[in-house]
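Next up: some structures, all given as structure tokens.
Below are two complexes that have chain A in common, paired first with chain B and then with chain C.
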Partner chain A sequence: MEEIKGKIKVFLSRFFRKHELGDDENIFELGFVNSLFAMQLIMFLEKEFSIRVENKDMDLNNFKTINSTVSFIESKMNLVEAK
Partner chain B sequence: MNTVAVQEKKVNADEKGEEKKVKCVVWDLDNTIWDGVLLEDENVVLRDGVVDIIKELDQRGMLQSIASKNEYDLAMGKLKEMGLDEYFLYPQINWNSKSISIKTIAQSINIGIDSLAFIDDQSFELEEVAFTHKDVLCLRAQELEKILNLPQMNPKFITEDSKIRRLMYQSDIERKKIEENYEGPQEEFLSTLNMVFTISPVGDGDLQRAEELTVRTHQLNTTGYTYSYEDLDAFRKSEKHKLLISSLDDKYGTYGKIGLCLVECESEFWVLKLLLMSCRVMSRGVGTVMLNHIMSLAKKEGKRLRAEFVSNDRNRMMYVTFKFAGFKEIDQVGDMVILENDLEHVQAFPEYLEVKIIE
Partner chain C sequence: MKIELSSEQKIIKDQFKEFTDKEIIPYAKQNDYEETVSKELICKVAEKGYLGSMIPKEYGGMGLDMVSIGILNEEIGRGCSSVRSLLTVHGMVALAILRWGDKKKRDYWLPKMAKGEVIGAFALTEPEVGSDAKSVKTNALLENNQYVLNGTKKWTTMGQIADIFLVFAQCDGKPTAFLVERSTPGFSIQPIKGLLGARASMIAELKFEDCHVPEDSIIGTVGTGLTHVALSSLDYGRYTIACGCVGLGQACLEASIRYSRKRKQFGAPLRQNQLIQKMITEMFVDIKAARLLCYNAGYLKDVGDPDSIMETWNAKYFASKIVNKISSDTVQIHGANGCCSDYPVERYFRDARINEIIEGTTQMHEVLIATNAFRNY
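Moving on to the complex of A and B:
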């Protein structure tokens, strides 16, 4: 879990450099989130954690904070292992 | 004889319906652009008529590049001497197979490989490319005089944007070099560009470009609906529709008219039928700006906002754009998904660019 969090933090820090993100801070309230950022985030998560973000998963609530993103990744990875 | 043959061919092509239009013509050099082999004879001379063809294709808004097995510096020097070097984007002058060079060109320009044509004098090279890339239009340099008449080489419209397309791509190359060397965060880089994004209703003079955008744009396109000049003209005048076009400029020059959006206004809600952006502005975040503009207009009018989305294999980014802007799927009709936004949260425009809205 800490490992997942660390990787996500490193990725996000490239976009929110002026600001140290708190684990429960809503990144969508920090300012302008554009589609390129969104796409880069999705591609990063898919590649880094070998998961597929389905259309139904693309819900802001899954990605609004570092902690929610970590839980989302864990739930996807558990699904993969369960198979 | 030749002209007759070409005309017949053209009629046949027209009967079969629309041919896939070429966006980029890739040239071989030896015995194609010039007579002879440069490494054997440094005084090669241009083939008859070749300069006129290159300039005419450029005027039509078609991009051009090179795939040649040659010494890079020597060949570029010769092109410069001939005054032709500026016409070619991402020239591939090396010892790779031409199929690899063709692929590199398509990726660098960021267009589908099926929108390329390749001209070479050697059957071996033409076959090697055709074998790897079945959708590339392969043409024999021996039949150069026919090229301008091919239907694939004749865009339906030549717009203001097509005439300066090469220059716009060249400024892109310049921007990319600077962007690659920029160390800070992306937004900080974007704010150094002094971008101005302009949204305006589609005017008389924009209709051809608007039609061209619906036909040419696949990646950043929410539905892929194509509309004719007449359709668009009707939407423009319709009370029930909003048809908006956008352009982007920065300190390096203009990107031209790069975005289009069609909204159908029902009494209870608005439907976003089409939102598209040229892939040249992909990393500028302006698709989201255009969407936010529509969202705030709908909110101001007290309407709900719906959006149609039709997936193709390349437009996932637009689905992501909708979802991250707070849209939720509410229905599916065939391959079309309908999304809706309650407009509770509408983002402000970003600080890294200036937005101009012309009513």
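Moving on to the complex of A and C:
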């Protein structure tokens, strides 16, 4: 979990240079990211963790904080392992 | 670091070049004049598999890597900007279905799109809504397991001939993408003629008047139409347009070199004039720089790097700007001959202009690129 969190934090730090993002802080409510961010985040998650973000995953709650994103990745990775 | 095309990419580039020289360039003037790409030419493009260049092999496409797709769009763009625009919008729809469509839609539409049996068009822009895409007025209302679409789309490339349309509408105030078939009742298409450039792009205005589509016509989910579906399609659109600009610039350069060698003034070929040499030098270097930006964006797409999105904005911004300067200088080198349709360069000049408007104006690029720059430094 810490490894996943670390990678996500490094990626997000590119968008929050002047703000120390808390693990449960809502990324989308801070006003730092634009509409491109959502696409960049998905590309990053898919490449870094070898998952595919499906239509059913497109719930803002999955990506709104660092912790929720980590939980989402873990659930996707568990699914892959279960297969 | 290695900046070099693979041997496969070099081979395929030669094939694209040969096809463009033989099948596209001889008809480009006619396409422009008649404001249409003939069915025969589209069939030839389809027979080569190019309409499936971006579609995986499992669906009958070519399954090309993004650098090779860039090369294809560069070569076709060297021949005819309108044919290149067909590849662009068709690919934007195919990739949206591939990435955000359900299995049923992928299995049904992608093999047909790969063969060119079905042509796709991307319907985002409206008479009153351009850059501010989130404000589209077209509306979708869920009634009895069907969505009812009402609204107007404008400047839809290939709208005159497309079979399926990726249409963006507000669904409960959330931008949402719908796949709409041409034959759907309540959907009508009006050709738009008299464009400045890329005149054979067969652009149309689309009207949706109580147009009922099945509930499962949505691509992606309600509310992700813009942030995910449209933006990823537009990313591909921007990339192929940038590559097309490189090709168009190359056509200008080659025409300018040919003319400067042949044309004599003051007892010597134009090429000996240093002011002509300056224009050729700028063209030559700008095209190389734009091509490298495109290759870089394509490579980053192939490896799934999130930076590919911004690098595509950079590539499209630069390529569309330089091709306007290049085509203007090309007309200048040709003098009065450059202002007449006896030479292709007046078409190049008109075609180039379109590229600073489509898939994000130059000014929208400047806003985004500057924002990104301020964020990074």
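Please note the rule applied: the second predicted complex is superposed on the first by the 81 of 83 C-alpha atoms of A that agree within 3 Å, B and C clash if a C-alpha of one lies under 4 Å from a C-alpha of the other, contacts with A are read in each partner's own complex, and residues count from 1 in each chain.
Please note the rule applied: a residue touches a chain if its C-beta (ideal position, glycine included) is under 8 Å from a C-beta of that chain, and two chains touch if they have at least 3 such contacts.
Being a predicted model, the structure only gives us computed values, none of them experimental.
With the two structures aligned on chain A, chain B clashes with chain C.
Looking at the shared chain after the overlay, A:F15 reaches both chain B and chain C. Using the contact criterion defined above for the overlaid structures, shared-chain residue A:M58 touches chain B and also reaches chain C.
Of the two partner chains placed around the shared chain by superposition, chain B and chain C are both touched by A:I42. Judged by the touch definition given at the top, the superposed model places A:L30 against neither chain B nor chain C.
Shared contact residues of chain A with chain B and chain C: 14-15, 17, 34-36, 38-39, 42, 55, 58.
For chain B in complex with chain A, the residues that touch the partner chain are 184-188, 282-285, 287-289, 316-321, 323-326, 329, 345, 347-351.
Of all residues in chain A, those touching chain C in their complex are 11, 14-15, 17, 34-36, 38-44, 46-47, 55, 58. Per the touch definition, chain A reaches chain B in the complex via residues 14-18, 28, 31-39, 42, 55-56, 58-60.
Residues of chain C touching chain A in their complex: 100, 102, 134, 220-221, 224, 226-228, 231-232, 235, 303-306, 308-310, 368, 371, 375-376.
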